[in-house]
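One chain, chain A, appears in both complexes that follow, with chain B as partner in the first and chain C in the second.
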Partner chain A sequence: MSDQTMQDFKNLAPSNSQKFTQRLLPLVVFAVVVLMIPMFNPSSLVLTLLNVMGINIVFALSYNMLLGRGGLLSFGHAVYFGLGGYAAVHAMRMIEEASYGDGGFWASYPVFFLPVIGFACGALAGAVIGWPSCRRAGTPFAMISLGVAELIAAAGFMFGSIFGGEEGISGDRMNGPELFGLSLGPISEVYWFIAFWTIVGTFCIYAFTRTPLGKMSEATRDNPERVEFVGYDPQRVRYLVFIFAGGFAGLAGGMAAVQYEIFTPEAVSLAPSGMVLLMAYIGGIRYFAGPIVGAVVLTYMQSMMSDYSEAWLLYLGILFMVVVMFAPGGLAGIVAGLINGMRAEDRNERIGRWLTVSAGGLLAFAGLIVLIEVAVRWSNGYGEVFEPFGMHLPTASALTWALILIPIAAGVGLLRLAMKRKEEGHA
Partner chain B sequence: METIVFSLLNGVIYGLLLFMLSSGLTLIFSMMGVLNFAHASFYMLGAYFAYTISDASSFWLALVFAPILVGLVGAAVERWGLRTVHVNGHVAELLFTFGLAYLIDEVVKIIWGRNAVDYQIPELLDFPLFELFGAQYPAYRIFTLFVALAMLVALWFILNRTRAGLIIQAALSHPHMVGHLGHNVPRIFMTVFGVGCALAGLAGVIGGNYLVTDPAMAVQMGPIVFVVVVVGGLGSLMGAFLAAMLLGLLQTFAVAIDANFADMFGWLGLSPTSEVGRISIASLAPMIPFLMLVLILMVRPRGLLGDREL
Partner chain C sequence: MTTPALSITDLRKSFGPAKIIQGVNLEIEKGERHAIIGPNGAGKSTLFNLISGGYHPTSGSIRLNGTEIGGTKPYLINRMGLSRSFQVSNIFANMSVRENVRCGVLYSMGYGYSFWRNVGNLKEVQRKTAEILEKVDLLDKANLPAALLPYADQRTLEIAITIAGGAEVILLDEPTAGMSHSETERAVALIKQATEGKTLVIVEHDMGVVFNMADRISVLVYGEIIATGAPSEIRGDPRVREAYLGDEADALENGDAA
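Here is the complex of A and B:
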């Protein structure tokens, strides 16, 4: 009998090939994709977009160490990003001074390794701020993080010598010793820098989830009481995780320092903290790849959609609400659900339901777009008219309202139908 | 003396306004455990509804109908939004309201524009009530005081002297027991959420023309409301009242004090030209609530008068 149980446990462990395909392969594919991109000669606009994506990927992953893995909802993660970034900008200035002046330690410090400074400073800030905030999880933690974020943001405008007041602190990345033959002047060379640190950051954060500490942080999220029974101190586990999360946020801050060459007190305010929360959650906090997906999608939306529509923040809000309400697994969860569903036995039934849901969602969304776009133009009051596909849709025409109401009604109807079928299927 | 009297008056009024704004959230938070991020957005909605209604008819109609409208919006949000998310736990609910705050902000910007609207004090109340130390005191502020006090008394009466209030109080501390007794707890939740939002809306009607009505007002007030609720303590309206008054007075007094760190800590050798020495007490005023929040959560997680920890 006991042999039987042992056997079962052994079967549960992943085989070597499973380990390879599930753990190492995605990382390798990610790295190869990142390294392949310059072969397509992207324009500098695309490169800038990709660089920002890289920064946000590391930032969102570090945030997910708290929210997804540790169950700690933070409203002030940009504090560590900002402080790490500020440290890196200050170091960049010191490199500049030292290389034109008397030399010394900073003269031999390459700009390429500034994210290390960011990591150290972010981790230090995490160690200081985390001490009072990690005693409890849940709402107290969220509230303390909010309070601390507000305090640091207010301090940002108070201490000019550190934060540089309204105009911030700027530096020049083309100083100090060159590494790998990169002067870091043109954006294409900065891409290699960002790519390097994105891969290093992603790899390290993944490695962290495999360490005993990373595993304990998941256990602490799920059941702190039991963790205490096993002999661990949940408070200490949270504290250590918090320090690492702060460190990786600082790393992303260091990357941003080199990319932008400037940091303003805006970087430590509540807005970027909210943005990283949206990225991680929309991407899917239960999956390691979730924040990566979220960072890529939201960065793209941020820079591209703001060209198409003034109301892109509204679309972002709607996307977030839909994810919170109907797809708590985020975009990554939807993809995982699709893949698992393709393997399930009731495949045809599921495909039918997906088609209904996506048709309904698209219809409702189309109606919503018309409504929002018409409303935005009405709000601006310039007399501009929304003209998709050559149609003319002024505020007061019946066609406009038909195009708003009919798709929304039809879409909602289809969604309800799909929901009803699902319930019947379960019953 | 002059400064003290004026700061006292303004501080009390600001504190009462804060209490109006946060009393609803205290109810909601204590009963449902939902720290509603969008609460200040309902306050903003109240101000904008009042602006539109008073533009079309009169301020007095707005005073009645704007909070009711806001309350209906709140109840609808609870019924069709929060209830769906409830199964996924408190973090999901918190995130839902976080997204809702985002949405309401954007919708308000579309409907009423990005700039402040001209929501004015009604003419009937637009006169100086009395003179103090040679300075006139506007009547509208005293009106604010009375509305807030009336709301406080009404809330106290409903909660302590009516059957509905008793059920709500019971649901605050023992929601499951109330459910077992046969009350429709989801409907109680919806009502409380709606009423809480209506109270925030009332604060918006009163505060919108006392302060400024613009799309940033929710973001400015949102975190401060949390501070009042958390510092006051879970399940305690009295605590919220104390915390709101404390915050209101502290902030107005800090603004009124004309001193900087060098004046206070000069005896420690802090020079008035140094960066720390130059920080004035007045510039610290916006930081006070958050300092209080962090300190209270560290030292006394129950809040001032809370009956249990967060």
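Here is the complex of A and C:
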């Protein structure tokens, strides 16, 4: 091969500056943001929210190793989060016991490194459960994951010494040797612990996508048959990816163990398994940053929106349905589409269409909000009336129904108009 | 005598009561270019699937360089130095052209399932990938998503993935199917160049391609090989002419497809 061709080929690979801006820079920005946050003296409420976000970011990223990168739809990923977390809580208790007792290994194990225990236990659970379940992809894999999730959730209420029954297992994070001068007592110190492991987890999961195994995982997602004919066993690829995904979910579980100091059987149930699916999918499974966005948005909704509306789960459901139907790239896909659109030649046309879509979406959503809020209050039967912006909207008022039907009709009309224009634009 | 690259003895394959392959015997020498032709439904693709590990033989043996491979898993056969392409483009649609070829290269360079190395830093993998891309003339399209390639280029990529692992025995299943005349010519030149010095087994409907490329030809009809020989022998064989009716028989005679 000539030197000229090699030179051409090197030009094809991303240059060092491209590598820096596309791969390293986002991570550096992410780390800087995480490190800057404490400078603004956030309240303990905000810190708790941020800590939960960090846990969910690692959890959602680990889930996307399966769904986005491996094409494996799992309905039971919380099993590995939960088992990793339980292992970490048990280790925390052993640290406490050993510190006040006769010392030994656990007396010298810092709580700061409990996520490592979580990782090991999550990976071990992945290795055991993945063995039968990774033999097939697609629907059989999804069904087996659901079965396993049910199994572990049921076991959670049976094996009291492991899962602690309904009260769960609790520990105390302020034991054992201190690391980096962090006693891990106040929430502001736990923030540094979470920040450290969020960055480590994100970096490691990103690095995994760049390895031969990570690349073959994507190849197996696209075309398992062909993978067999380039020398790889697709079952083995899936199995190894599954172990790592379990490990990182366990790492997130270990972070959660230190944050909450308690684990209950709910952590291994179907609810968090569904939640992590929503986070990854709403964020965008085709983008590495997608699950991060999804984790941040959904964690915020989970803890903040429940203050505004008791029907917040309905809004979450609507968001999920809208993403599945109209934005399969998720929130990250929307952002990427906007950025690419700004560079396109028919920029003005696109901006016009986006404005129409946003206006239509907002109008229809406003109508839906009125409908949901009025319906929830009517269903509660306490005689409470929905009163936004000083308006009085009882069930029987004509104004109420006008505010429901007119915005929805107008919004849907605008959306159809935008859709039509897009088709004409392409024709 | 040297061991044949591929040696098939009394190979049979049935799907329930349907006997698709009924006692195939075939020896292909190292470095030979061997074409398998036959009417539709003769069992050509089934034979390929048996050799490459997609199917288990009902009975009989398949030897690759003297080692029995009948019923072995495809990835194990691939590691032993046999690689195949597919009739329909079977590529990694969501990855770039470069990544597609790299997937074909990785295992053969010993990187297996490793998760502690950055693929971007594997110099010899990059070099080998570039070599393959240059060989098949896809270097200028290396960073395009594979799904966006025109059809003929997808077929070329299919061949690139097949040869990427450096296999000594290459099976190509209708590599020029659906191509225009000029695309076919280009593909034939490319296949000849890319499989230089290797053992090539090719299933093809285009008689022009077959007679242009093959050292020897086998004719498969109803799961049996009715004739094997040099192109000139096959052209004159009355049994072969009988198996082919109408246009294809004329094409066979002229050694040229419409």
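Quick note on the criterion: the second predicted complex is superposed on the first by the 416 of 427 C-alpha atoms of A that agree within 3 Å, B and C clash if a C-alpha of one lies under 4 Å from a C-alpha of the other, contacts with A are read in each partner's own complex, and residues count from 1 in each chain.
Note that in this section a contact is a pair of C-beta atoms (placed from the backbone, for glycine too) under 8 Å apart; a residue touches a chain by one contact, two chains touch by 3 or more.
The shown structure was predicted, so the numbers you read here are calculated from the model rather than taken from an experiment.
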Partners on chain A (chain B, chain C) - clash or fit: fit
Included angle at chain A between vectors to chain C and chain B, based on C-alpha centres and rounded to the nearest 10 degrees: 80
First, second, both or neither for A:Phe159, with chain B first and chain C second: first
Contacts of A:Phe244 with chain B and chain C, given as first, second, both or neither: second
First, second, both or neither for A:Thr211, with chain B first and chain C second: second
Which of chain B and chain C A:Pro177 touches, first, second, both or neither: neither
First, second, both or neither for A:Asp222, with chain B first and chain C second: second
Partner chain in contact with A:Gly103 - chain B first, chain C second, else both or neither: neither
Superposed arrangement (fit on chain A Cα atoms) - minimum chain B/chain C Cα distance in Å: 14
Shared chain A surface residues [contacts with chain B and with chain C]: none
Contacting residues of chain B [partner chain A, same complex]: 33, 35, 81, 84-85, 88, 90-92, 94-96, 98-100, 102-103, 106-107, 109-111, 113, 223, 226-227, 230, 275, 279, 283, 286-287, 289-291, 293-294, 297-298, 301, 309-310
Residues on chain C engaged by chain A in the complex (per definition of touch): 52-53, 73-75, 78-79, 83-84, 86, 90-95, 98-99, 102-104, 106-108, 111-120, 122, 126-127, 130-131, 133-134, 139, 142-143, 161-162, 164-165
Contact set on chain A toward chain C in their complex: 1, 5-6, 8-9, 12-13, 19, 207-208, 210-216, 218-219, 221-223, 225-233, 236-237, 240, 244
Residues of chain A touching chain B in the complex: 71, 73, 132, 135-136, 138-140, 142-144, 146-148, 150-151, 154-155, 158-161, 270, 274, 277, 281, 311, 313-314, 316-318, 320-321, 324-325, 328, 372, 375-376, 379
